[in-house]
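Here's the structure we're looking at; comments come further down.
Think of it as A, B, C and D in the order they're written, each chain with its own count starting at 1.
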Amino acid sequence: MTRRAALHRVPMAHPGDVSAVEALIDGGLDPSAIVAILGKTEGNGCVNDFTRAYAVAELGTMLAARLRTTREAVLERVAMVMSGGTEGGLSPHFLVLSVAETEEAPTGALAIGAAFTPAFRPEEIGRMAQVEATAAAVRQAMREAGLSRPEEVHFVQVKCPLLTTARVAEAASRGREVATADTYESMGLSRGASALGVALALEEVPRTALSDAAIGRDLSLWSRRASASAGVELTRNEVIVFGMGSGWAGDLAIAHDVMRDGIDLPAVQRALAGAGLDTGGGQLDPQAAERVVALLVKAEPSSSGEIRGRRHIMADDSDINATRHARALVGGVVAAAVGRTDLFVSGGAEHQGPDGGGPVAVIARRG
Amino acid sequence: MTRRAALHRVPMAHPGDVSAVEALIDGGLDPSAIVAILGKTEGNGCVNDFTRAYAVAELGTMLAARLRTTREAVLERVAMVMSGGTEGGLSPHFLVLSVAETEEAPTGALAIGAAFTPAFRPEEIGRMAQVEATAAAVRQAMREAGLSRPEEVHFVQVKCPLLTTARVAEAASRGREVATADTYESMGLSRGASALGVALALEEVPRTALSDAAIGRDLSLWSRRASASAGVELTRNEVIVFGMGSGWAGDLAIAHDVMRDGIDLPAVQRALAGAGLDTGGGQLDPQAAERVVALLVKAEPSSSGEIRGRRHIMADDSDINATRHARALVGGVVAAAVGRTDLFVSGGAEHQGPDGGGPVAVIARRG
Amino acid sequence: MTRRAALHRVPMAHPGDVSAVEALIDGGLDPSAIVAILGKTEGNGCVNDFTRAYAVAELGTMLAARLRTTREAVLERVAMVMSGGTEGGLSPHFLVLSVAETEEAPTGALAIGAAFTPAFRPEEIGRMAQVEATAAAVRQAMREAGLSRPEEVHFVQVKCPLLTTARVAEAASRGREVATADTYESMGLSRGASALGVALALEEVPRTALSDAAIGRDLSLWSRRASASAGVELTRNEVIVFGMGSGWAGDLAIAHDVMRDGIDLPAVQRALAGAGLDTGGGQLDPQAAERVVALLVKAEPSSSGEIRGRRHIMADDSDINATRHARALVGGVVAAAVGRTDLFVSGGAEHQGPDGGGPVAVIARRG
Amino acid sequence: MTRRAALHRVPMAHPGDVSAVEALIDGGLDPSAIVAILGKTEGNGCVNDFTRAYAVAELGTMLAARLRTTREAVLERVAMVMSGGTEGGLSPHFLVLSVAETEEAPTGALAIGAAFTPAFRPEEIGRMAQVEATAAAVRQAMREAGLSRPEEVHFVQVKCPLLTTARVAEAASRGREVATADTYESMGLSRGASALGVALALEEVPRTALSDAAIGRDLSLWSRRASASAGVELTRNEVIVFGMGSGWAGDLAIAHDVMRDGIDLPAVQRALAGAGLDTGGGQLDPQAAERVVALLVKAEPSSSGEIRGRRHIMADDSDINATRHARALVGGVVAAAVGRTDLFVSGGAEHQGPDGGGPVAVIARRG
């Protein structure tokens, strides 16, 4: 059996606008083939960003009607990875991932697999329990995608939960202490534990190096391919693995690289080149930009407070959260390379790439 | 008499930290030779951004002590152009401009001239009175710099006032109506009128095309070289003209170009090339980046709500002002090209470059 | 036929949490009797506040399932008035209004009527077309509630649309100019036109005093009973009239007063007293606080920039919108009087009460 | 020797506007008699609130000129306690405290004493070293004010430092770990340690109950009279003790109470009554409001996420910091009682009053 992965990028007019996804279905996309939907929504990407949950609710309601099932059943099966924050010039959009069997001969092409962890209790978030469960889910998603070796994997997108005041109180009522009572900080710990789970599954970091204490602290531990996004609307981790699979057909390819800091344009250009796109003197020409189906990248303020020796103000700004600054910065850098703005820049890169940098992946149609 | 312009870029630890400017003086810079100080401070760049006034106050106090005069006398003579907002990864810094006579032979190099308008009444802001007065100040600054032809001018930086609730009320108490009672909107009108004043002086726009009604409205009118920044701390316009002057010596050169939108990396690379810096495959190498003494650029959300056909959310975000998004975006694009973050990205580009774009100038040491 | 109005106040855990409304239905509330749901959601209350639309979507989905109809049919019939912004200590909540026929004898009690205008074109928003249509809807809602005289009306809640960048562009594409291209400003004009529509219907302001030019400008024109809230999720006005009707039964009473400024505690205490609640030395005791079923009040920054001669910073703050400051302030004042925080404080009081003040209404169970 | 304390409240037009303090001096206030200046400035009250430092710099520059000394000497002697944040309707103002000898007979009146701790190293902030040093400074200030017994003290205002990214890095470079690397969180720990220092000196909490681990954690430990405010502009604690002293003359009296939560209007009314002001039916009449020379109160979000059982959103809002919400709420409550808005509401009440509440003090002229 040969499979073919498709990835449609469509705009949204607001977080509840799923009309462009509906139009894909009206145009022939089989809704039952959809395995995941990633969304870049225009909220603040932090604790009270309800644009993510709103988009998930509307996607679920729409797909339930199309598939004549319940919203719960849809959300149980389809991974919904909404990432809030389109700071700077970023453009809100959905990435609709589908997988179908095909009569075509396999070409070695984009492979996609998804899996979920069980729901986490509040006290598990940001700790080894989340790391281990995520690693197990990555391995399961690889199996589903027919990717047997870690080096076949180019990107792993994880959506993970966070702690709210209510969840912290619920744990306390059971006599359990959570990793942090600061709801905003919990997002970072949850992303960090998730990323280390990816690193563990992809053999980037040995199990012995990992511990509760290392999560969010030992920044020397990081994955080259993990991307984690935290949201209030879920309690489990949802994992999507992207790779190049020998059993897959189609004209899509994926490549990745690692930005060493927030202004590492050359890394972005290397990732584009890896996917067959030549940036030449800097920015893709319009024809090449059209071939970029998705660019996924992590953004994060460096903990040193500096970029190449010069002070940034991200962490000291109490009006705009640091992750918002970081997304805006990296959004500018990747848009400079690609020449378009509907790019999936996700904030909070704890253990995802080096401190202040992050993994970048490009999915493109072959020329 | 030959003159030589110097431009020192120094960091600040916070808006009141002028220690690096003091260190320049301790290191030999003649404080009486300083004609202007530009500063990129870390406030919100909007109405209640007091980081600009704070920096000006501390620079004035320090220079008054050094020059054994009063702060008022310093501020009367030295143009202080503070621009708030270091969103994304931008790094707060001062640009200290000085001019001194020299024994060297003139080489045709960076030329600097400064001039001021009289103080404006609130009802003049954002109207033709501000346009005309700015044009007169630009012509005066050109004369002072020995630049006789408009094409010798590469950049004109203007600092202009804004309306506060108190200033609007003051005008109303005299029976005068201001251009707008919205204090935030007044910043845009003041910048727009200032930019059209530059365009008038540089013969980019004919006098007959200008009117009160056109300011802030007719976006087809714009300067390729104007940069205006509004602040609550002044009531007049302060104008600094940068050009290449035949009577000037030194190793500094300036070039400019126009970004057609917020992600126009090629325009930035052309400006760098014009100043003798080759970006080759995208980003300057560290040696070349060191030769960039200053990059000044304007940033603005496009009024269409789109960048190259894709929606941005800058104007619809009520948590972060649109100019903050625009600075962050353009900051990422120019940092991608230069490989450093202490760049002077100034928000609010009304009539400064095309809608959604803006002028970019590079001052660099010749290789 | 005698009718009885009920008003249930229930909390929400987040803007999409309609479980407490479902619990009401499970507990016996007939969903077909619901005529309106007001909600105080925790967004910014400004342009990009999607918490309102999210709540409406979830309420619509839930009620459609309960009533075995479509979401569109629910939203066509039930007025959904979501008001964003729970700044300070305000607590997010829904107010579920229902009307049912009863065998009881009429007592003269709370009366409720709802009506809708047709959808507005963008160029009608903030102009007389919106005023006239709103007045017609108020008259229709009064008829429905059996309230024949304006003085029987104690509060009129209006939900009205706003302009987005897309809507402005749509109008421009048809050659029409909108009242303002500033999306945030459009919220004020829409609220103002809606309030003047109420004032017109309630004979508080004569028709001859009204004009396009007066909307948002002539602050001497205002209603003592109008409350308008703008949201991106609708294109028509939704009107709910509250009064004391002789044909109504039940133990609910409503009273209103007008806060002359944002700290007018005595006005709040008068409104409480009007509804039969004595504040005595300041704050209601817990038993009395329980009898307050709803408090609805408008909040607005004074355009003078002062409260009783002392400067406030609401209008000059570019980090937090002025309406957010105003809601927080008034929320503190009304919570001080009532001793609880689930109060419906709605921002943006253009033509709703005097400049800087606003109407306040109390619905309470009789002792 | 009898002393007399004076307290002048004056407005500021912006954080650098010290003209009203100058006017006091022009009007006869001896600048050498000034022992402290408290200021409520209009910044965000968080990490990057430079309005505090700006005000301090301008006050220092002005007083240095008046006293013919240096700014450093002024700041060494006069306690400058700037508290950022005038959310809601609060009005920016300075409170100028002065002490002079007098020929009058002592009446038992407002007594003021000030003292400073040594500068703290970053690793001492938020730990017992700061607690102990603060307690010592409180005792010294009491001695200076002639207050021998803790019960004579009604309020202790402390200004304390915070950690910035740079200060954290500096400690790390010496191999020292700070209490927290989160700059915003450091403000809370610094305030908490300072408050516990006051509680220790005033014998409200025994020494044995205190430890590094208790700071910021054990919320059962709190002072009824401490008020601490953190700012980036200082590295030591500055302490001002307010009490009723038998050796003091004048017509000023001080009283205090404790708000049990953010809407505890009765506590505010009790404090007003304690200072001789009767609120009767709720709000002071204008004549009584004039007699209120200063109201100082702490504001804080309750860690339960609720106020009297109803959810607030302060801690889950990533656009506006929780302390800003809390100041706005309490500002509304105290303004409701007093009928004016130039009140010193200070955010962050860790160990200052019960969780979610805080001390309130009133200084008033006797009738």
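Worth pointing out:
Keep this in mind: a residue touches a chain if its C-beta (ideal position, glycine included) is under 8 Å from a C-beta of that chain, and two chains touch if they have at least 3 such contacts.
Quantities reported herein were computed from a predicted structural model and do not represent experimental measurements.
Ranking every chain by how far its Cα centroid lies from the centroid of chain B, the top place goes to C.
Comparing the residue numbers each copy contributes, chain A and chain B share more than half of them at their mutual interface. The distance from the centre of chain B to the centre of chain C, each centre being the mean of the chain's C-alpha atoms, comes to 45 Å. Annotation: 40 Å between the Cα-based centres of chain B and chain D. Residue positions 13, 42, 44, 48, 166, 313, 316-317, 319 of chain D each touch two or more of the other chains.
On chain A, the positions that touch chain D within their shared complex are 44, 46-49, 164-166, 169, 181-185, 303-305, 313, 315-319, 321. Residues 11, 13, 42, 44, 86-93, 262-263, 265-266, 269, 279-283, 307-308, 310-314, 316-317, 319-320, 324-326, 328-333, 335-337, 339-342 of chain B are the ones touching chain A in the complex.
Within the complex formed with chain A, the chain C residues making contact are 13-16, 42-43, 48, 50-51, 53-54, 57-58, 61, 166, 232, 319.
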